[in-house]
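Two complexes come next, and they have one chain in common, chain A, joined by chain B in the first and chain C in the second.
Up next, the complex of A and B:
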């Protein structure tokens, strides 16, 4: 029987899962991804985390608990930095320790540092450390790493061609009954792509006839260039991407509205949300909806607000069309 | 140019001394109050941490007093403080305040950026004078810290209630009055003499509590609702894990001044529980708790503003430290909703618990 490594379906899973899965498979290790989020899974996470932690962290703990009794290792990389002189968020830096000290009876945790903060650092160092858990043969690790790199590149290209990082249930793939309304959804990947905590927001928008655009549909170069307009370089990679994407979509003619999704208690969202809102007020006439999700969010409230927002976007558009024919 | 900067406890003494020595006109905002907080809460982002809201209020109040330049420290993450100045400036700008913003932070590209900013604030004074000014600032910070540490000792032991507070006020006034680095040693002596003049009962039994957590909430009495004074009145000797002079020495002077308190041992201790720095003072919080346990303190209180990211990481780890080392730890989270009564009740309960524990331990020993 081969060794089983558990990967929680949370946090940066959405960006890196093809790479991680490929890497482990090439090493001959079986991967187990935690189940999709459910109420019960989230509840477990809530009970084992301090109250003040943000929703994504609580959810991630829930996913770890889901894996606890079924795997030999849990893969919780300490993702310090994914770009030079940038971080993700302090909680990512301490996440493996938060889990280790709050949950009992855990299988061994693989918590190698993924750190590209310094000049000359490479993701290969990280994968070497991880690989050493399973094999002593460096050639095998190099081959697995190269294969995983190709998987990541493919994943990134897929995302840029408007695929979502995970399969949505009954996804009416984008264009179907789309009547030309484009809505940008800006938020952390682990919030907007999780069907449970985002309450199927992407699917709901698509069902109501909108084409959904996210920050991940833009190539990195575009986002970074837009984010350059900030008075100071933003040192959180994902938030830089969000702000850059928001600026880009505000400036685009064919985008009709923007939804900013924040999770309650998220420290970085409080700042980027503020910057995006200020840009929406003074630099743009596009409607913007700011949604905050937490563990108490009710589905009805969310649906009502989305419907109202979509109505507003449609009316604005009709008005603009009417004005153009005058 | 009329320069202002936000409040953080007694930090204003040190910066005012430094800037006035260099001939810069300084506007000190009124001490943080409910009004400051209201201004900040009204205009700041809802989930931003409390220091940002208080800073914002400070700047608005200072603008009414005629300040036109803001000096702020910055940073390069991952704590939100690194982006404070930019967000605050954007908010003030939209509200119609026309502030010139100078952020002192590690330069992004070249050291010349930082040097240019220092020259701008000091209006091209000679570097010799600037260095002397910085020295004065450090000496003042260090003197304030020494005086405060004396107050920690005498507060729970004073024979006449309130005498420590009076002495502290006088001692601080002496430190504030000193104008040059040469006057500082004499001023420190005089201030310590006043502090030592407080009549104390050396044999009174006291419990000792270490205060750990986020630097702003630890240093700013308005933010922590004067926790040091409250605990002192309950007969508790406190010790704070972070002092301003120590922070300056560690972060700005890179440990140039030897034989002073430093956060280094705390960081080293913390690594056994938290494998990486998490920004802010998260690692120091964990490490200081271990140090306090080893030094035989009776308990530890962690202070943090609501939604503080690094401290939440520390908060999740502290229960494990507490049970491993057998030291009671309480976490107090403050924000604009914090009420005084709730705080006092919790402090009293915690102190009662520590007293009881101490009695049992000493009774059986």
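Up next, the complex of A and C:
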């Protein structure tokens, strides 16, 4: 029986899962991904986490609990930085320790450092450390790493052709009467792609006839260039991506509205939202909606706001069309 | 005579409006929901039926408010619309050229910005309910004051007391403290109005460009103290339209007129007021989400279900809640 490694379906899983899964598979290790978020899973996470943590972290703890009793290792990489001179939120940095000290009877945790902050650092260092848990053969690790790198590149290209992670649906799929309305949804990947936490926002928008675009549909170069317009470099990678994407979509003719999704308790969302909103007020006249998601299960508030937002977008678009024909 | 019905089932009040074909209001009803939306809608329909001249035909029905789906299923509504859109439509018809709508209801507050007759921006209160009608209601009853007297009393104030309005719970303790210090009630009430307006402007109105004409509607617009506080904070005249408390229902009726457009209405007739509706719920055990599914029955027959995330139950009736 092969060794099983558990990967929580949370946090940066949504960016890196093809790479992680490929890497472990090439090493002959079986991967187990936690089940999709449900109320039961979130409840467990909420009960086991300190109250100061943000919603995504509480959710991630729930996913770890879901894996606890059915795997040999839990993969919780300590992701410090994914780009030079940039950081990931400090809560990610402390996450393996937070888990280790709050949950009992855990299988061993693989919490190698993933840090590209300094010059000359490479993801390969991280994968070597992880690989050493399972094999002593460096050649095997190198091969697995190369394969995983290719998988990530393919995933990123797929994303740019408007796939969504995990479900691998195309953005135009499932759109009923697509009357050419494009809505950009800007938020953390682990919030907007999680169907439970986002209350099926992407599906709801599609059902109402919108094509959904996210920050991950843009190549990194575009996002970075746009984020460069900020007076000071944003050194949180994910937020830089959100701001850059928002600026890009504000400037695009074919995007009719933008939704910013913040999660309750997220420190960086508070000012990212503000930066995006200021741009919406001054530089652009596109409709924008800010939504905050939290533990609540009532969907009525979300549905009402999305409905009204779509009404507003359609209304304004019809008016613009009418003006163009005059 | 043909009329269009608009029904707004809110958290605190349920309102019905009947408009003529020209959009003028024939009759309006304002009732407390008291947590019983089905009974209240039925009672409202009964009252409306009695108030309208005999032989009146309903040519269309629209529902809105947080109970819009429920009311829509019960009456066979032609259009079920969110309250932001209906409020905007009603206000822009009643006050042509309106650019800002301040709406404070029982449990939510919103701001709607219109430009050139089209909604250009809106915001609703997020996870916090401070500064909504429920809070004023609660404070009035704590002071043994009829909510109707709240406004006139607040207007008598000479020196409004400063009250912390950031959070409804802390505002209450601050108010109690001010009372114990010996400030008189009108000054406290006026201070409360100012605090709520401050909170509204910081939360909901944050960063919005507020231009005249400004319309103030929703149940709280009945409170003259709030109107005074808004005018003081904005330094703009605030218009409270004549049917300020039923604007959502009015907008729904207007939308019903638009959507039926001489087609046949889905209205099931005033006799639904006598039907035996009952709502029940059960927890679905299909997955760990344990959704609380709501079931609406009419005479023992299930006519609608919602509340399930996966659509297992609602799809079974092909009555999926969609955003439109």
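In this section, the second predicted complex is superposed on the first by the 317 of 326 C-alpha atoms of A that agree within 3 Å, B and C clash if a C-alpha of one lies under 4 Å from a C-alpha of the other, contacts with A are read in each partner's own complex, and residues count from 1 in each chain.
Note that contacts are C-beta pairs under 8 Å (C-beta built on N, C-alpha and C of every residue); 3 or more make two chains touch, one makes a residue touch a chain.
This structure is a prediction, so every number in the text was calculated from the model and none was measured.
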Since both structures carry chain A, what do chain B and chain C do when superposed there: clash or fit? fit
Between chain B and chain C, whom does A:312 touch in the aligned arrangement: first, second, both, or neither? second
Identify the partner contact of A:123: answer first if only chain B is touched, second if only chain C is, both if each is, neither if none is. neither
Minimum C-alpha spacing, chains overlaid - chain B and chain C, in Å: 5
Touching both chain C and chain B, counted on chain A across the two superposed complexes: 264, 278
Spell out the residues on chain A that touch chain B in their complex, using ranges where they run on. 49-50, 52-53, 78, 80, 85-91, 93-98, 101-102, 111, 113, 230-236, 262, 264-271, 273-275, 278, 282
List of chain C residues in touch with chain A within their complex: 66, 81-85, 116, 118-124, 126-127, 207, 209, 287-291, 309, 321-324
Where on chain A is chain C touching in the complex? 38-41, 196, 200, 204-205, 207-208, 264, 277-278, 281, 285, 287-288, 290, 292, 294, 296, 300-301, 303-312, 315-316, 319
Residue numbers on chain B that touch chain A, as the complex places them: 45-49, 74, 76-80, 82-83, 86-87, 89-91, 94, 103, 108, 273-280, 282, 306-310, 312-317, 319-320, 333
